[in-house]
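First subunit A sits with subunit B, and in the next complex the same chain sits with subunit C.
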Partner chain A sequence: MNDKTASGSGPANPSAEALRIGVYICRCGGNISDVVDVERVAEVCRHLPGVVTANVHTFMCSDPGQKNISEDIRNEKLNRVVVASCSPFLHELTFRGAVQRGGLNPYLYEHANIREQCSWSHKHDPQGATAKAIRLIAAAVGKLRYAEPLDQIRLPNQRQALVVGGGVAGMKAAADLAGRGIPVLLVEQSERLGGQVNRWNRVFPTEQPAAELLGALRKQVEGHPRIEILLRSRVTKISGFIGNFQVTVEGQIGPAGRRTEVAVTVGALVMATGFLPYAPRDGEYAYHRHPAVLTTPEFLELLRHAPDAATLQFQGRPVRSIAFIHCVGSRQVDGVQEPQADGKINNYCSRVCCTTVLQQALAVRQRFPETEVFDLHQDIRTYGRGHEDYYIQASQAGVIFFRYHGDEIPTVAPRTDAPAGAPPLRLTFKDYLTWGEELTLDVDMLVLAVGMTAGTCQSLVEQLKLPCGEDRFLQEIHPKLRPVEISVNGVLLAGAVQGPMNIRETLAAAGAAAVKAAAILAKEQVELNPYVAQVDADLCEGTGQCVEQCEYDGALRLVQVTNGDGKARQRAEVNPGLCVGCGACVAVCPARAINLNGWRLDQYEAMVDGLVAEAPALAAATA
Partner chain B sequence: MIALGKPDRQTDVLVVGGGISGLQTALDLADQGYQVTVVERQPSIGGRMIALSKVFPTLDCASCITTPRMSAAAHHSGIDLLTYTEVDSILPEGAGHRVLVTHKPTYVDRDKCIGCRLCEYACDAEYPDPFEQGIAPIRAIAVPFTTAIPQKAILNAEYCMTCGSCARVCPTDAIDYDQQPVRESIQAGAVVIASGYALNALTAKPQYNAQRSGNIISPLTMERLLAPHAPHGRVLRPSDGKIPGSIAFVQCAGSRDETVGVAYCSRVCCMYAIKQAMLLSGALPIADITIYYMDIRAFGKGYEQFYQNAKAMGINFVRGKVARIEPVDSDDLLVHVEVTEEAAGAMQKRRHDLVVLAQGMIPQWNPSVASPVRLGGDGFVATPDATSPASTHVPGIFVAGTAAGPKDIVDSIAEAGAAAMEVSRYLYQHAAKAGGPGTAPAPRRVALKLAATGS
Partner chain C sequence: MAHSVSSKLIRRIQAYGAFDVSACFNCGNCTAVCPLAQDRGGFPRRLIRLGQVGMKKALLADEDLWMCFGCGECSKTCPRQADPAQYLGAARRYVTSCYDFTGISRLMLGSAWGQLLGFLVLSALFTLLLLHGGGIIDPKAIHEQALFKFLPGPWIHAIGVALFAIIALSMLTGVASMLWRTCGRHLREAPGSLSLAALPAALAASIGDALAHQTHRRCDADQPEVPWFRRPWLIHAAIVWGFLGMLAATSLDFLFKPIGSNVPPWYPMRILGTISGLVCLYGLTMAMVRRLRAVETPYRSSGFADWFFLLLLTATVGTGLATEVVVYLPTGSVVGPLIFLAHVVLAMDLIVLLPLSKFAHAVYRPLAMCIHRWATAPVAQPAAQPAAI
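Up next, the complex of A and B:
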């Protein structure tokens, strides 16, 4: 955070007598105080050793709440701060900022979670919750007793970016970053840019030819002096951290088109690997059981080549009727649809299929006026700007709509007994626009509106340890406020790699990802969390057990050091850029020579003491 | 052309609107080192989001996740906030735009006010609190709400009795009954319009009779009734303070309806109705909750699963466009609806204690009267560049969030980021053309530091 107050190390660790701890308890507008007796908590906390003030506020995270903390630090000469509120996931950084604005080192602050881990989980036990809140705060106070000022680790930033995937999202992100002055390497595995949209005809809602849109994007990236495009290439190796990712790309690179490798170091990485259309199983709605059952991309291909006529033609036969089924591979229901290969069902909505179907249905009615169109949906989700018009126009153009329930999906059977020239496919379903009436519908063609499934970026997911959600798409940090960031710093999500979205939404997400990358790359240095392992060279015996335990390549290694006595010894050494602070090394060190800054063993012990303190001891504190 | 003279203030980027979209745009720009000025017409930043109860599909409390953004913007060295300020015009000027604004009088000297609220406690005049959608009173002089930024008192001259109590208790002598509007001229390198949305009238459909019943309420009122720090601390219906036993949500009550002039989908109503229904079933476990809808549009990430959870919780989903709402005895309401999903279908009348109408989203502000920006047929800012959802017809003016059409918070956040990106590109290109300081000359091919590793 770029703050108005300059950072700086706070005072050194004071002796126990000199501790001046402020405790700040949040009501969270009732989220906490409806269950926890916060006034009583404050009263008890005022008597904990080292605590000089304990205050309650309705919203500690609000500006007045934060100001309360900063001003107390100055006026009450506080040298440690505890905030008891929601999860640190939400507000640790907020309060670190407030502490810093008060002139204190931001790591002399501890967060006690009395909402998610207390008031919300013990809603029906106010007394118990109040007692637990006191213990959680006592633990934080104990931990602070041994806290030391820490500084963020600053490392040089490689001010260039890697964009993985050359579809709409990747091209947009690359064009944005290069347009902002940042060099970009754009890696695409296929032989051309454009991704899935290469298969599209026209894009909704503008009806612009997809090729034209892709052309406009290509023009922004091809030949750009700051963009290097590698086609038929893939990222084979990636390691490192924000500001410093080491990447190896393999592909047919160079004029000879020889298979070769290049290495590049980048400060930020944009994932734009896109999605795959859902592939129906053999037999799902008679797919692959009858040639006239197509998916939406396949139908698009047919439409692209079909000449305008009274009736659409398919394999030399007139198509007098087409049915579209929505939600194929989306909104699946447990026990109704067969699970996918990984045992899960696709219970999510794919967002784009409704408008896609109506766009295609309308195109059929306009280009082939004697081809009837039937639409079988659960809900028509034409939510976007200009999308509802497709629904209105399709209705006006004579598309006939039926509504099925997700737990009673239509059945499709090829009609073996159909007389020559009769429609070869029979659909049976219950229509809930007409009171659940059971209907049969015979059609010449069936189009399955297939949804979006997560794309293929397994190797990067594994190497960077990127989290994926239940839906297999990459999992953003917060689905509301941080949709393009992921828990690995320096990696941004652009487009359908994060979840189904249409082109306009993809462009927006790519821009949002690019701007986050630009903010990272705008700085000469990156600032990293100081919670990394630290070796006490005097205690270290050089057994190497910590190195064996470490899962992060290069984070820990053994080095030769020469002591004053002239003897060479082995000692463990931490690379703070690569250490993630997991603590695996701490657990195995026989000499207790390795510790995590901010989470040292003596701090854990003090926390446990605070948590398990006899209730009478806490009560006595109030006496 | 009018000579605009020397500006009072210069900024890299001016953002119109301090809601979640405007703040996100400002933060994404300021984090790159740009100086940003946010102009907000309300007394506090935070927009619509800060007044919500919880957000779908995470059910995070809205205050808890909005205040950090507000606070981050307020404390950012690269962001200036001008609250209670109207934008009068945006005109092309030099390499950027000249924005004329008016700081409306708050009758409190904002430099002197320390937010102690003594004036508020001393004030005897009250009016319906706009932040609480009028379901609770606020004093004529008050800090707008607990989490407001800035924490400065503002006096509502319409309700003030000029009794002088506030001036007497103010410890910093900040009350100024004679304060006048102040105009300011700001030169901005680029402008982002993030002016947000309004809702069409609760009475837009006369057959819903909102004008005849206090128990037909806006979804924003329901947000306040459900907020963790709600004025009444529980859900009570307006007419008689009764705890409602049966609550109906009537969807598409101002959207997807050409009779009210809004043919488009407002995009968020399905999800907030489901969210409110879930929160209500938590707050009023025995209440009967029905959502009357045409299509449930749970399209976003995690939304369908959220909808299915609501069904499993026992919330009634009834498909049908409500024809009429009829106020009856005991302030209750009869909802006339054609039920298409039951065998015994046809027209039914169902009785409810409280009805929430899903009003349609319309633009909050029409920027085309103050700037060269053009609108689409739906009245929202047009975005003609197919490769840039944040670009308007005017180079140097961009758009973010619901100013460019209805959307939910996460989609607004994404577009806000995209707008910030387009602005950065625009400013960079302009600085490069002008050969301004800090811009490297355009590099020749391959500025990227690549190293062949051999094959």
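Up next, the complex of A and C:
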């Protein structure tokens, strides 16, 4: 190891004599000790520099195991702790807690994974596994040598929430937040609350009128003392970080359309901007080429005003037959469908269109018994509780189903030669329920089951650098473990802004987002993990390379400081609210003036030293 | 040539009894469980699909429709309760009515009232015809000679021959229609199939199958819990064997026994007739009991056509056996002649209704089996020329 770099930083390092490290090795009930010779590991570890005690325990995570650590810290005056056990995902926080209970700063702790990385992955090589366990612990001990006590970063918290979008998701999130005592600003761009659901007739699977559902939600937000609703308004500017977002809302108040601007500061932000129904291109399935080709929202509009009769009427003519095509704008196949404006195709499933089609098909059969219904699908995905019933009932009501392949989509042609009164549209397709036979179907009306598309919050995506998936919808941190959080702290996802969802899922997501936002806003201060960049002002030369490299707007900036000599100099400064601790700045700093707390360069070096230490050196330690 | 979708066909077939088939979502469970589906290209799902999309020509040209013996496994396993077995029955009735150029079978098979009306009109017609030649009922006409005075033999034979001619014509046109359509399809799909060389073997195998019920037996091979005497195939075989035995006895009587002559009960043809009648009656009784109890799936969906055919056959066999008994009764009763009259009228009804009722399956099914065997027979390849050296 290079002595110069090793001693370069780490201002508060205790000397090797002052270090009192405790190493705790877990047998994991045999999971580890059946392969790794834990007694030998403990024996070697006792001789590592700074280690004063190395114990083996059958279950470190058990109460006695944890108590062992806390008591040793007090009795043996330990000032650093290593636990060698399972993956840190499982028990790092457990042992941090034990360390804290012993009266030590919880960041003076390291976790070595000798189960997944040793005994489980090298179970046929006990000697190798044992040697690797020793190296991993040696690395952890090395890292601890330069560890400093850290504290969670605490920032002042603006205890107010902004909900962007006044559809079902936004209303639900606002109502739930207000119910927890948090003031909410609800911004909706149109002139009324409700969003896309305003266009639906009845919602599946309850068959409740959409207006009734919206009424119930509106009642929860309208007139609520803690909810301020801004209609015909949009968020134009946003900056800041968790606990402290500066937001500008631009709106038009009054019929004259006078522009107004409102500036607010909020601690958390719920994105509930929803989706846009896919808009078919001109000519896609003869859309805009023939008036009887409609999208599902247009068809819903038609159904809403149509009186019940033997057949549905459209533009003064009876509709004796309707065909529905599923997956319009969804599950597209490269090379089959034309790409969208951004060059990509929509290859995702919009999830709600299948049930929507079947609900509408059934409604047609029930309300207009002499109107025949045909259904062209790739697959039927009626995945929710009660959704499959629509499929069964539509079948029983005489809807005839066809199945096409995504790479051979149906073609639609208006029939110019059709005699008066004959169906004006001809569909041609290969039906895989009829063993791939080419079929033609003449119908009076074609309904395109359009999917959901993203792009309802482009300006906020750009300003906040919100990550989007391939499908352009906002992307959560983890689809299962952190489903409503996004990598920008303090921003939460509610509903279809994140991807196609039905109302039930949207409301569940909105409720979850509200809880997460409420948890952030419950505290006077926002607590963040301490692994952020820190600039050593004495070493910083103000080259600005770190700022250039930083991906997170505002996390790093150059400021003018005046030295003792009265000269103004440029220095880099970290905004811990925005820094995510990625380390990109550390890599480019020519002066090694910037470091990540908890993961400083000298710590890395000490870890590498521990890992590559010659086997004889380790063996000698035991001698 | 793309086929144009139409929903008319399925509605027409539903008029013959397939009420639940709309629920079918083409999963193919029926094909998976059908004991006869092997090597039949998606049978029976294929046939349901032909109905759903309105491919009438293809349905009429598909002899596989007759390959189903109604074991009901498909209806038992159908996840949508679409009752494929019931559909196949309805489709067979529909197809029978299409093959019949007279259009009478549409009336007969399409509605219970049509069937009943047809039966009553025919019976009245036959009774009148038979009575017209014989004058009045003679209470003293009690032995066979007297019976034939009452119903003169030549009259009965004349009517019989005329009816046979009409029925034969109707049946023949139906058979021709089926042959034309199904064989045409096979020739289109596999040019070179249906070689004449393969016909005799196919014919022989199909006749053997119709008599021995090998294919039908495969349908209930998986039901060890049903005792042999209640197996559907045996019940059906008893009806077939009994019917054929009675037909043979009657034909032999006609050929070798002087008309109206009295014979003792141990006369060989009479013994054959009696045993056949009893066997047939056993089959018919079992079939009706099973249908009444509607326990096993094959008997669950009984249409009027099923009952009508069973009852007509039972009445014919029953009056035939009764006639055998009354000829040995003492003289002086009108019961004998009346029973005999009823038997002859019913037998005529049965024969006239052959192409127009469920009875048609006795012709179409063996024919379908023959066509299938013929079309799928391996084509003999001409011996390869030895390569030139």
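Just so it is clear, the second predicted complex is superposed on the first by the 374 of 623 C-alpha atoms of A that agree within 3 Å, B and C clash if a C-alpha of one lies under 4 Å from a C-alpha of the other, contacts with A are read in each partner's own complex, and residues count from 1 in each chain.
Going forward, a contact is a pair of C-beta atoms (placed from the backbone, for glycine too) under 8 Å apart; a residue touches a chain by one contact, two chains touch by 3 or more.
Since the structure is predicted, the reported quantities are computational estimates derived from the model, not experimental observations.
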Which superposed partner A:Ala397 touches (first subunit B, second subunit C, both, neither): second
Touched partner set for A:Thr434, first subunit B, second subunit C, both or neither: both
Which of subunit B and subunit C A:His111 touches, first, second, both or neither: neither
Touch count on subunit A, higher of subunit B and subunit C: B
Touching partner for A:Arg80 - first (subunit B), second (subunit C), both, neither: neither
Partner chain(s) touched by A:Lys143 [first = subunit B, second = subunit C, both, neither]: neither
First, second, both or neither for A:Phe374, with subunit B first and subunit C second: second
Touched partner set for A:Arg218, first subunit B, second subunit C, both or neither: neither
Common interface positions of subunit A, toward subunit B and toward subunit C: 380, 392, 403, 433-435
Contact set on subunit A toward subunit C in their complex: 372, 374, 380, 391-392, 395-398, 400-403, 428, 431, 433-435, 437-442
Subunit B residues touching subunit A - in the complex, by the definition given at the top: 28, 30-33, 55, 57-58, 60-61, 63-65, 67-72, 74-78, 115, 146-151, 227-229, 233, 256, 263-265, 267, 295-305, 308, 319, 340-345, 376, 378, 380, 386-390, 404-406, 409-411, 413-422, 424-425, 428-429, 432, 439-440, 442-455
Partner subunit B, residues of subunit A touching it in the complex: 1-4, 28-31, 34, 58-59, 61-64, 66-67, 86, 90-91, 93-94, 97, 101, 158, 160, 172, 175-176, 179-181, 183-185, 203, 206, 208, 212-213, 216-217, 220, 225-226, 228, 248, 258-265, 331, 347-349, 351, 379-389, 392, 403, 432-436, 471, 473, 476, 478-484, 498-500, 504-505, 507-516, 518-519, 522
Sites on subunit C touched by subunit A in the complex: 2-5, 7, 10, 20, 22-26, 41-42, 46, 49, 52-53, 55, 80
